[in-house]
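Structure first, then comments.
Each chain gets a letter, A, B, C and D, in the order it is written, and its residues are counted from 1.
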Amino acid sequence: MFFASDNWAGAHPAIAARLSGAAGGFSAAYGDGDLDKAVCDRFGEIFEHEVAVFFVATGTAANALSLASYGKPGGISFCHTQAHVMEDECGAVEYLSGGGRLHGIGGALGRIDPGELERALDRFVPEFVHAGRPTAVSITQSTEIGTVYSLDEIAAISALAKRHSLPLHLDGARFANALVALETTPAEMTWKRGVDIVSFGGTKNGCWCAEAIVVFDPGRARELAFLRKRAGQLFSKSRFVAAQFDAYFRDDLWLENARHSNSMAASLAAAIEAAPGLRLGWQPQANEVFAVITDDRAEKLQAAGAAFYDWPLPAGSTETLGENEKLYRFVTSFATTAEDIDRFASLVG
Amino acid sequence: MFFASDNWAGAHPAIAARLSGAAGGFSAAYGDGDLDKAVCDRFGEIFEHEVAVFFVATGTAANALSLASYGKPGGISFCHTQAHVMEDECGAVEYLSGGGRLHGIGGALGRIDPGELERALDRFVPEFVHAGRPTAVSITQSTEIGTVYSLDEIAAISALAKRHSLPLHLDGARFANALVALETTPAEMTWKRGVDIVSFGGTKNGCWCAEAIVVFDPGRARELAFLRKRAGQLFSKSRFVAAQFDAYFRDDLWLENARHSNSMAASLAAAIEAAPGLRLGWQPQANEVFAVITDDRAEKLQAAGAAFYDWPLPAGSTETLGENEKLYRFVTSFATTAEDIDRFASLVG
Amino acid sequence: MFFASDNWAGAHPAIAARLSGAAGGFSAAYGDGDLDKAVCDRFGEIFEHEVAVFFVATGTAANALSLASYGKPGGISFCHTQAHVMEDECGAVEYLSGGGRLHGIGGALGRIDPGELERALDRFVPEFVHAGRPTAVSITQSTEIGTVYSLDEIAAISALAKRHSLPLHLDGARFANALVALETTPAEMTWKRGVDIVSFGGTKNGCWCAEAIVVFDPGRARELAFLRKRAGQLFSKSRFVAAQFDAYFRDDLWLENARHSNSMAASLAAAIEAAPGLRLGWQPQANEVFAVITDDRAEKLQAAGAAFYDWPLPAGSTETLGENEKLYRFVTSFATTAEDIDRFASLVG
Amino acid sequence: MFFASDNWAGAHPAIAARLSGAAGGFSAAYGDGDLDKAVCDRFGEIFEHEVAVFFVATGTAANALSLASYGKPGGISFCHTQAHVMEDECGAVEYLSGGGRLHGIGGALGRIDPGELERALDRFVPEFVHAGRPTAVSITQSTEIGTVYSLDEIAAISALAKRHSLPLHLDGARFANALVALETTPAEMTWKRGVDIVSFGGTKNGCWCAEAIVVFDPGRARELAFLRKRAGQLFSKSRFVAAQFDAYFRDDLWLENARHSNSMAASLAAAIEAAPGLRLGWQPQANEVFAVITDDRAEKLQAAGAAFYDWPLPAGSTETLGENEKLYRFVTSFATTAEDIDRFASLVG
């Protein structure tokens, strides 16, 4: 019952095996090997678009370098107030962009409110240097709280961004979970809806360490290549990432993992809804479930071996917490089993 | 005959196996797992000193964050003019230290000349803000050109640094190769000679991706923890690095790999010395061999399957290149075989 | 009727004359001249405390370098959501601190709400690197909207900051206006209430260009000296700033200017309150007056020669703007005359 | 006999008077006033080219923001090893460019050696991210050691820069001194020889504080405007700089000041050449004289009231210093008098 985070899991057996299989032999370093190139081509097929792909070490690096690559003096990137770039990356965007700013936009259920974004963007007057200037919009899909932007919602934010000549970044640390939730394609969820650059995460969905920046404008590749190297994010034995993605995409393992993970979350949510005294914070759409639980119930669950953390109530939530209640987050992964869920259900039932 | 770089090799079988073995089960993320902690303890044993250990993605990151952690406004780090931080890291030190400067110091055979370093340091007057101020000295062991500082040479540079209240950083991308070349211990080669912080590399010596910052003053751990996270260098599934180091240290695999690699380099050097028309640039001490070869000979070797690059003649070298000659670098690794060397020897013999 | 900003005025005659008087002769550069030193001593007398004083070119530089001097990796400075550092400095804090973040705290009438600040600070857990960490609190006195923190209010925020081991910065671009509004002393308004570092502005109150960072802990002087030089903020002919401050402090000119300016604002506010169809946004306490005016009235005033700008309604304001109404800002200065106010009064009367 | 630096002088009477004259009345702030605009137009006339002009506080800021405006990830600016940006600006270029690097190029008498520059530039291979990449070349005119590039020498360096698609920056802290030394025009010394951006200094030649970035490509104005503001370098009462430049350019005061200053330097050099036991380091071309003097002679001169500093012997100098000799620098300015020189001459004669 390890629901603390999807990064508490290890690596999927198929990915571990593929990595072992790639250990022998020699290959050009720094992304110039055959496997690197084949995997980058595979990204192009999956996205149905010419892409430039940059492996990096972490989702934080992918996000920060993506936004930094669009940075300008006085630049401001707009994201949800609870976005990972805002809450959980220790100021990496500001640091790696040489002093760019993040501006938080509210919105229910972890999704940027387009009206609020529009008002924020409309306040900026070109050439008015005092206020700085917008340089990017960033959304998270699936969001930090396990919800998903619909394709229309992405298109609406993208339209706003385009009206202000801004690129749209998508933090896809849980890209696959959103994709299968929407039953759509990578192309539909990204460039066909105006997304310009993606932090494509494989780590939380069964890889050891497989994160990539995917950019649809190959003209940006040159700057990103220097940015990545300068940030100490260019792996020498790059094929160790390529091999992971190779297995990740083979036979749609990534989609299968995400479907399993989302399905486990749905089962967990059902168990919580059915449990007397527990209630869902909101309906989960991907692989994160948030529930309101009394402190003593939570302690008993943890004592029984369930690992999970409390979580701040999102600003704007209509939920009211009782005096001895907290909101808790449960995350499922490819490694979560039906037995885990059953055991949890029996504990709360 | 892949002599292009030691990072063209993959992962040693024992390391690949250990990584596979760690793939199952759940573990706390971000370095808080049991294996992470055990491996950090192992570093303490190996160095015979209390240490704080920070896994990072690349040697570039290890170097830049090490020097950044000692950075100050107007700060200048001193390194050899041909150091990796200077020549091959795309300005990562300057970037990640928020604008620190590197100042190159000459010296024969890739080693900082202590006299030149002293003169450079002596030029700075405390409180004279215009010139900036020294904040660190960095040496590379083994050096970029396959030579090794003796323990006395390290102590001499360290004494100079201490006289100016400066920390001494050691770029140990090839730490093990130097260690076995000197037949000494990690403690003797570092803190017992005044080294304060080490970029400890495992990648070039048989790991996939295993680099660590090792610092002997645990009081610096707090700042480094924030620095690392902010640079996007904190792995979530940190045990994938821990597992590699676990195998790396087990049964002295790291020393065995380095001895093999150095020995292959010595054989290669012997073959070159014996070959008519080829000559060594200088005697190798670790796993890199530099040789002067005519262009047509080099082309023939490459056509026969030998991979190696040309290299700029070090400033201050007494070598004179003929019109159709170049200096070439050959790097050996754990994966180099005696057959490779024999085949090369027969080609040049 | 130039109410656009207090920086539309030129220099007070006594300050201009003092500057002319200092033009002849030779003096050590970079702040080492006799006049520089005398003026720094004068700051110590005025603040009744040992101080280190750093002249800089602009208020933006004073604020950014003040906060940068307390910066750390992952550092976050807390300020009011409408603070000048947040709204009008083009990201200078983020840039000059190498990627620090500003976190906006709400609060009525331009003053930080202590409860909201406390909740924001309490969310941070030491050593939890993901969230970054607080490094400073910054208040503006007088505020961006012409209000003033009482001494008790400063003390309350300072107490919160101290409880979290954070320094308190005071943006005193309009220091003198607040000081005379409170009828207090520089010591009472700063270090006696826990302020650690002050951006001390003279420009808006009658100087050409006289801004200083005043720090009460001389131990910080060394870092600030390097920070300032490195930011291109160390004037060579530093005495041109010293001469301005010399005249500024002589015979309490600075207090006289501020009293005049505040008094003009009060008269202007009275005229607005008395005018049919105009209303004050809130009661002014220093030298800025905010009024709600219909668009056509505003245009007529501007056509008649009154210079002033519209201003966004502060978040949290209880004011409701009619369809054809806007909030406007009027700023007075040492150069505003009673005739200006009378003429304005007759236009709106 | 204040020969310590040209920034030990104050302000020329005509400039002080013009500044006083501008103190009254109201004007738009931040460079939007009529005088600001008129002075910027005047720059265009003087340079015979469309220009964008940015006033900044110091020469260090002008240099750093000029080079930062051309910065890119991994960017390297090339300058003389003894350039002011390298030796006397506390790492401002690295800091304000977000981590750019300076690479020093040698050359006799303070001037970049074109051959060495070419070899340095030729080492970079496009797209090879490890080495970083050149982003600008910077020359100083007149140089740090009082010599002057001929127009042909500027053209030669510019041609090299253009061949590598690099902009050429000219640090003109002593622009006027070089201009009158060459008896040429601003246009001939800059854009007609391929200079793209100029740090135009007025401070050392009779102003209080008048430094400007002059850029010949107005398309760069937008970025520089944000860069300047973000660096805390946008003066609110900008007309106090404009007024200084207004007087500076009126009736060719700037050229007259520079001619006087250079002429005083020539007289001083003549006195030194004629003095038994003293010798010139090299022939001065602008307003700086370097002489080799024995320690006891130097002490006696200083005791007699002459202010001057010792200076490191330039690398590559053919001069040999005796055991009790040092190289000393003497700087003249608009405020140096013939009486000063005569008195000095009589002391050394």
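Points to keep in mind about this one:
The working rule: a residue touches a chain if its C-beta (ideal position, glycine included) is under 8 Å from a C-beta of that chain, and two chains touch if they have at least 3 such contacts.
Chain identities (UniProt): A, B, C, D = L-threonine aldolase.
None of these values were measured; they are calculated from a predicted model.
The minimum number of touch steps separating chain A from chain C is 1. When chain centres are defined as mean Cα coordinates, A lies farthest from chain D. Two copies of one chain, chain A and chain D, form a contact in which over half of the residue numbers belong to both partners. Centroids built from CA atoms put chain D at 50 Å from chain A. Separating the centre of chain C from that of chain D, both taken as means of CA atoms, is a distance of 34 Å. The residues of chain A that reach two or more other chains are 73-74, 89-91, 95-96, 98-99, 129-130, 132, 226, 229-230, 234, listed in rising order. Per the touch definition, chain A reaches chain D in the complex via residues 72-74, 98-99, 127, 129-130, 132-133, 222-223, 225-230, 234.
For chain D in complex with chain B, the touching residues are 73-76, 87-91, 94-102, 123, 129-132, 312. By the touch criterion stated above, chain A contacts chain B in their complex at residues 2, 4-5, 7-13, 15-17, 19-20, 22-30, 56-65, 89-92, 95-96, 203-204, 208-209, 226, 229-237, 239-240, 307, 335.
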